[in-house]
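My questions all concern the structure below.
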């Protein structure tokens, strides 16, 4: 199994509703350093997992929609608890949809799994991994 | 599959019996930067993998028992070769038992796998991964 | 010249007023991984730069006042642009005052300089360094 | 499942033929920080996954063959596109063959999987993971 | 003293003439993860050391001239030994000139020192630090 | 001012006498990831700060004397409190003496300062910096 992983980051504000979150129930924020890993069984004709330029651009576009935002104000997240785990899945869903829509190029159909990791500090991170097929 | 990983560290002394260990047969020591990853298929009602506060506290308590110690002197490890691999499993067993005992909260039963990584230097690390079920 | 550096982190929300900040003018947030370095010419009688336990506790208390907060709402920062640079200096001032007040122990008077670094992502950080003397 | 991972690095020149590579079609270079992870179900009689000394030596010998080289000039890679993914697999094949040949010691037969990761910058890396059995 | 540091990277090929370089006399390559730190005594009216957007753009433009290149072929480096130290200084000179030319904005004149660090592997790096004034 | 920094590591046991050390008064241990930075005003005729091969070898030899040891048993440290700060200075003294003795080559006389950093965990490190001249 082959994999390629690229990195970018976002800086967001949000609050987390629920007693379990303690002080994070207040409006606060986070830098998420985001790693997206693309997995496939065999390389494409160019000996790559994915066109790293397109992968990076698609990740940047995906993150752009939520970067420098207060997630509490985005209609898309209304009524949702935007934990690091939840956001990992959110970004995963967007990246998987982009692959299925052909945005990562003609050979990207061979990518069968993705993993999206959100590093939130030097002591904590979360990720979601799953198949690209919707 | 969702995951959350938290980090802490210990500083221990030990010696490793066996020709394969070369100079590490002498009494020496290590800082182990310990990462514990919790895996589950679906998030709990709070959109989390685990209560990160409880996870961190349980890890700290688990490490406390062996932190700032000479492992050669602990009855628990008598006659054991306390390699990085062995210690990864040791901490794994304690963390898995804590989950089964309900110490990580009522929803932690959904955690089905753990991975415990011990980073021992900038060039070496070891880990153990397995199911929480005993 | 000797130095010891310890690390902690905060997760805050804020907005930055001024055209130069582009999208960061909107309410967003950041994780700041905070490093505080203590400098002195000679070690104290215990062969240390600072009691690392006290240093860590003082840093935690200093950060507690602004952790999990929206800096835009704190009276202390009213009318201030809370850039990473500004916050480095803010934390520096608090830590230096704690040393002058004797909170880091009787021998901490030998600490003559501090550096406070705020790492905000994998590609950017800021710091302030200066003398402890007020 | 147990794992041990060791690290070394190489510094190589190469060019990548194919429009998808953009400016990397020109002769350029890379530092690859190489991590090799060894996986096995049970520890050997010394409570280890692998003799870390032998693992490190075998990795160094494997890398020596391509270190400080222009990969475009090596007959072994003639007509090949030496992407990071391809090189991960190349090193994987050499390490797996060394295990099968007994070079990592008598107990190394218990190692059933390997993962070879090539970190090429602070924002990109690739890896290949597979069974040791040829 | 305040500082802000930003990061980017380049991937180059080169050879180093001189017995001291051993195998690095052969054509090989490197990824340099480049950190540029900007120092000044007082913050500008926006409470910043430098417009981080302009700083990042200027660094990217500076690196673009040598990225994905074989330094042995660049007229600019003809007859020069392009060590990591030398390249740190080269990038420093370009960044300092950009500041003096006003490319980093009207307030960037307050930046009095720069440090350019080239991280070449997990075990080696080099840097050059000096005044901006030419 | 130019600098080059190289990295290696040691794994030692020790105990720290003095109430200030709390649980570290017990025999425990540490991995120290050791960075040595060499500073000079001008590069040597090969455009380098130091022969990196010799620098690495000298560091390895220096560390060898205390690696995989219980520092409490070394006559050299008898009656000394072997804190991270103290050990930074100890290694500094050895490296500076090696330079003065010509072990880093004929041009190493231009190195005027050294900094030795001991990283002891992901949250703490210490260093000593000073002139090479004895």
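As written, the chain order gives the labels A, B, C, D, E and F, with residue 1 at the start of each chain.
Simple rule for what comes next: contacts are C-beta pairs under 8 Å (C-beta built on N, C-alpha and C of every residue); 3 or more make two chains touch, one makes a residue touch a chain.
Being a predicted model, the structure only gives us computed values, none of them experimental.
Undergrad: Just how many steps, at minimum, does a route from chain D to chain F need if it may pass only between touching chains?
TA: 2
Undergrad: Look at all chain centres (mean of CA atoms) and spot the one farthest from the centre of chain D.
TA: Here the answer is chain C, farthest from chain D.
Undergrad: Of the pairs given as B-F, A-B or A-C, which one copies B-D, with over half of its contacts the same by residue number?
TA: Of the listed pairs B-F, A-B or A-C, the one copying the B-D interface is A-B.
Undergrad: Could you classify the chain A-chain C contact as same or different, where same means more than half of all interface residue numbers appear on both copies?
TA: Chain A vs chain C: same; shared/all numbers exceeds half.
Undergrad: Roughly how big is the turn, in degrees to the nearest 5, that lines up chain A with chain B by CA atoms?
TA: When the C-alpha atoms are superposed, chain A turns by 120 degrees onto chain B.
Undergrad: Measuring from the mean C-alpha position of chain C to the mean C-alpha position of chain F, what distance in angstrom results?
TA: It comes to 27 Å between the two C-alpha centres.
Undergrad: With chain centres taken as the means of their Cα atoms, state the distance from chain D to chain E in Å.
TA: Spacing between the chain centres: roughly 30 Å.
Undergrad: Multi-chain contacts in chain A: which residues touch at least two other chains?
TA: 7, 122-123, in rising order.
Undergrad: Hey, which residues of chain D end up touching chain E in the complex?
TA: Against chain E, the touching part of chain D is residues 7, 9, 11-14, 23-24, 26-33, 67-70, 73, 120-123.
Undergrad: Where on chain E does chain F make contact in their complex?
TA: Contacts found on chain E: 18, 20-22, 80-86, 88-89, 122-130.
Undergrad: Please give the residue numbers of chain F that touch chain E in the complex, ascending.
TA: 1-8, 43, 46-49, 51-53, 105
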